[in-house]
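The same chain A turns up in both complexes below, where it pairs with chain B and then with chain C.
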Partner chain A sequence: MAAPQSVPALPSHVEAVDVANRRELSLSQRLLGSTAFWMGVILVVLVLGFGIASPDWAMLQFSNFQSMALSVSMIMLLAVGMTFVLGAGELDLSIGANVMVSSVVAAKVMAAVSGSAAEVQAGIYPNLAVGVAVGVLAGIGTGALFGLVNGVLATRLRISSFIVTLGTTGIGTGLAFVLSGGVNVPFVPRDIQTGFGALQLGGVVPLPTVLVVGISLCLWYVLVSTRFGLHTLAIGSSREAAGRAGINVPRHVLSLFVLMGAFAGLAGILDLSRFATTNVGGYQTTAMGAIAAVVIGGTSLFGGRASVGGSMVGALIPLVLATGLVIIDVDSFYQLIVVGVILVIAVYLDQRRRERLE
Partner chain B sequence: MVSSPHIARVTRSFVTVTLALGLAACSSQAATQAPATQAPASQAPASQAPVSQAPASQKSYNIAFIAGQVGIPFYTTMQCGAQDAAKKYGVNLTWQGPSQWDLSLQMPMINAALQRHPDALALAPTDPVALVKTVQDAGIPVVTVDGNLSQPVDIQNIRTDNKAAGGLAADALGAAIAGTGSVLVLALSPGVSANQDRVDGFVTEMKAKYPNVTVLPTQYAGTDQRKAADITAATIQSKPDLKGIYTTNGDTAVGASGAVIAASKQGKIKIVAYDANPQQVRDLKAGIYDGLVVQAPYLEGYDAVELLVQVLDKSVDPTTLPDVKYPPMVVATRDNLDTPDVQKYLYVDSCS
Partner chain C sequence: MADQIVIEAVDIHKAFGSIQALSGASLQVRSGEILALVGDNGAGKSTLTKVICGALKPDSGRLVFWGKEIDVQSIRRAQELGVETVYQDLALAPDLSVLDNVYLGREPIASSGWRRWTRAIARDVMYERTDEALRNLGIGLRSLRSPIRSLSGGQRQAVAVARAVLWAKTAILMDEPTAALGTKQTAIAYSSMRVAAERGLAVVVISHDIPRMLKIADRIAVMRHGQIVTNRTAAELTLSEVVGLMLGSAETSAA
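Our next item is the complex of A and B:
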């Protein structure tokens, strides 16, 4: 849905003053002013730095880029969805629990539909295609439903989304444990791993990455060039003004939570395809990781300013750090310290740069 | 002739049992309770119950067994062992356990079981410190399994020798990679002593028996499969001579195998994992893993019940017993998987 003719296309880094002045920024001005660009620069510097420091240029090997691309896909998907949520001034802390519960539901459905219990235990899946398809739909549906619950609680009960999603984190995690019996779901067909999760398109780009990058680019377009994106940022910028301008704020916010939830469900499927089982012991830091990626990329925690490109880069930085530190043999205890220090420095530098501009 | 105090005692026991059962049924957690080998009313003190035809003991003891977690093959297998021993010695065994490895869920079950005044208790302690007092105050013989207590106030602790398990894993992995190359060690978190024992046992044995193998520094992935996969993927990049991965728990094994498959290195990098659930056995056959260190939950359950019977019979003096007893273990590989010696160790989803 394109914006009407009278409003110029918005830059990816929206400043209220620029919209008011109707100033059309040049490409280089936009780039140099955008956090996403500078984070991209930092990313390249990190990759090159690790590349020089690593034995035999291991960091710069094509196979390394492939495995990093595969690994980042799940968190990038969550970060892109979170960009919209944060852009509207909301917060969703429950995505970790959402991914967990969605992956449990998807795994159970896949194992149940693909064959009888005895067949599945022996590794025979007579109805593989149907089972996987239904399982994927069930997983995404569960995620969207979870998001719907978040959205309804946040908009109807008018409790802050921080508190709501804090609560639903516990509910979701508990539900995942109840459904799975506290253990990872067994006998999920490995074909989702060998047939998707571990495969590359043309032998080059991992399939999950293709999917996620495609979705991210679509959402980039939505944020920048459609009314939906415009309304999201308007709500984040000033909820009251957006309401008075005629935007149905509760319904829009609800749709953002449902979108985030559906993405979490899809992220659960991605992890299922990577490991052929669930991970009920994981996802404790997923929400924070996604939010950190989004904030690093230049999206404001308070709403009104968002960047999908920045979130995509922001998702890569922690992964590049973690991978690089292992490759150059930094002791595992120091890795945690180094990642934290570099993240703080990167965000601080960007904060200084923005303050200088204003 | 049945006397009044006798009737009062039976009635009191019956009421206590019924209340305890009612409380257990109302608890919000889905605790599994295996049917006792006899009806609840017969859980009156042993002197009132009919004498059973037990070969080794003269009385029919009531033994409560509180598992660490139910619904997982490890503990289901332990239950099979405990029930087999109970059948052999004519024991009335009650089996209970929480749905999660969680002291707050296990504690009410321990209390409820003790309320029924069993003759002895077998317990998998979910917290080594908090349960010390409970065991001390129980007033009956207690044997602990799987985990251990911070102080040896129990009669005996029967659990896996994690250092030896690590050593077995080193033997298996070293052989699988033909004694050369690098191996990566993936552990749980620093500070979990049982897990650290698995690491230490592995490293010591590998350095001693396969000195040409380079053991890379231990990496910690917790229960996060993604983290294990990312560490593995990065190590595959930086160490071209990576030949084997030693994983010390389920999630690191899943993560590492995922990364190995994605890097198209399945079969070129050997993975040794722990435990032999049906899923893992299937994965071993499919080549996802190359060795499984199999613990002996069946023996832990069986030996615990047997030891308690012997202590109650006074045929064994508890003060002469060593603090810890380690049941034997095996490493299952594709070659030995179908042999009866290994088959009997594999974990089951239900007792036959």
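Our next item is the complex of A and C:
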């Protein structure tokens, strides 16, 4: 080895002290610094506030919680999926259209497989179990396929996902209208409502809510504790850095769109089971609602930072506002205004945080 | 540890369209020493290091690692051969923690229980090893869980270097590692390079700061017009000789 060179000595007065002195934030400090936590506080305050203001504590009635839990399940599922999409710095505006087309396909398949045309018209479903199973798979499959198209366009053709999904929103909506002829699909077996959508676990929690909360908690774990979650945030934070770390960025982004699509398909099934009918022409504000929930919950619109718990809370806030306003007899249209204001505040806080950290 | 040749680039050619970036560059990189790669702008320094780290495929030429010729297809492959790169822009994800950045793409999975079954990342292992790597380099960081975004330029540099040192088995390549740093951070960066070299790694540094390189490097390789024109110990060279070799006014002082 060559002669030892003059090694620049570390300036002893600086930084060296810190080497032995790590100071990580405690759990409570991290909690207090998270948007999700504060939105949770706001949610509790809202519920209690409306509870106090509502006649006969109507807001705090058990049945009201049950009905809110059921109402929120679809948007919560979509918000949780969207958390990953936004976390990776992507956007999916097409989920409303996806929910619509998936539910139409699911309903048509259910009706077609459950019995002959004459039978289902008479309300007889000889192959009910098979029909429902195949219909559910068809709905989720359609959603995933829709997501795959989004993902392929966004990654292979390198079109921004904002534009891709704006385009596929139109395509999906049009497709749903073409498939359904513009009217709700008839002869959907009612049993999906009586056998799932309107059932409660132990007579307490609506089954769809149990399913959605279960999925959400799993995805929470995936985001926080697995490579898949970390790589999602890495891509959202810096594509360049993620790519150089050996992450296959296009493939990962593609899988996120497929996941989001499958969730939209499942959301379509949930709505189908809740109302026992499709809702052709609905879902116009679904994508915006889900994105708003995610952003309110502290996930960065710029990607890189995401919170599944925050999205769950963020999905609940608009619903609690709407429900509470109705209960205290204020026009529920104010809900739109309040949610808009909260959304702007959430984005502002996110931006402030980034600036403060720099 | 001894200065064994661990990487050898032989007769590397690389063109970008009509521009010949490398025209027969040959470089030997030895373990346990800091090699400064100097040269004028466009001499091919960055291109050569990118070929070695797997980021660019050469048009022709051979790469030999530990005496074996290997076709390095990707950054991943180079990493498997123990070659780590510190990029000029550091390639860190600003929203992720120090810990997650150091391990990104190579996260260890928990070794037991349901966390293993669910393939959870073993952040405790990551924390321990990152902490150790930073301590060994003498780098002070208050928190390994705070995002890169909250660190100073020097601290970010330190994280990038620590990541390279932690993973490198053969060599660390650094492209202008101190370009954006202040005096203090530069000193820290150079002392970490020395630590890495003392641990037996080959350290290749691209820099324009030739006086500094003459002080801290063991060996200087000068590039001109896509070729290595000299590769000698720093002690044998003077500033004016190096500048002369870079500019081509000292053709006769052959290596």
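Quick notes
Going forward, the second predicted complex is superposed on the first by the 307 of 358 C-alpha atoms of A that agree within 3 Å, B and C clash if a C-alpha of one lies under 4 Å from a C-alpha of the other, contacts with A are read in each partner's own complex, and residues count from 1 in each chain.
We take it that a contact is a pair of C-beta atoms (placed from the backbone, for glycine too) under 8 Å apart; a residue touches a chain by one contact, two chains touch by 3 or more.
This one's a predicted model, so the numbers in the text were calculated from it and none came from an experiment.
Look at A:246: by the touch rule set out above, it reaches chain C but stays clear of chain B.
Looking at the shared chain after the overlay, A:337 reaches neither chain B nor chain C. By the touch criterion defined above, A:301 reaches neither chain B nor chain C. Once chain A of one complex is fitted onto chain A of the other, the partner contacts of A:327 are limited to chain B, with no touch recorded for chain C. In the superposition on chain A, contact is made by A:58 with chain B only, not with chain C. With both structures placed on the common chain, the touch criterion links A:197 to chain B but leaves chain C unconnected. Using the contact criterion defined above for the overlaid structures, shared-chain residue A:230 touches chain C, although it does not reach chain B.
In the superposed model, A:48 makes contact with neither chain B nor chain C. Shared contact residues of chain A with chain B and chain C: none.
The part of chain B that touches chain A in the complex is made up of residues 30, 69, 71-72, 99-101, 190, 217-220, 222-227, 229-231, 233-238, 240, 250-251, 254-255, 257-259, 261-264, 277-279, 282, 286.
On the chain C side of its complex with chain A, the touching residues are 1-3, 32-34, 75-76, 79, 87, 89, 91-96, 100-101, 104-107, 109, 115, 118-121, 131, 134-135, 138-147, 149-150, 184, 186-188, 190-191, 194, 215-219, 233-235. Here chain A touches chain B in the complex through residues 54-56, 58-59, 61, 63-64, 67-68, 70-71, 74, 121-123, 177-178, 181-184, 186-187, 190, 193-194, 197-198, 206, 271, 274-277, 279, 281-285, 319, 322-324, 326-329, 331-333, going by the rule given at the top. Contact residues of chain A toward chain C in the complex are 1-3, 5-11, 14-25, 221, 225-227, 230-231, 233-234, 236-238, 240-242, 244-247, 300, 303-305, 354, 357-358.
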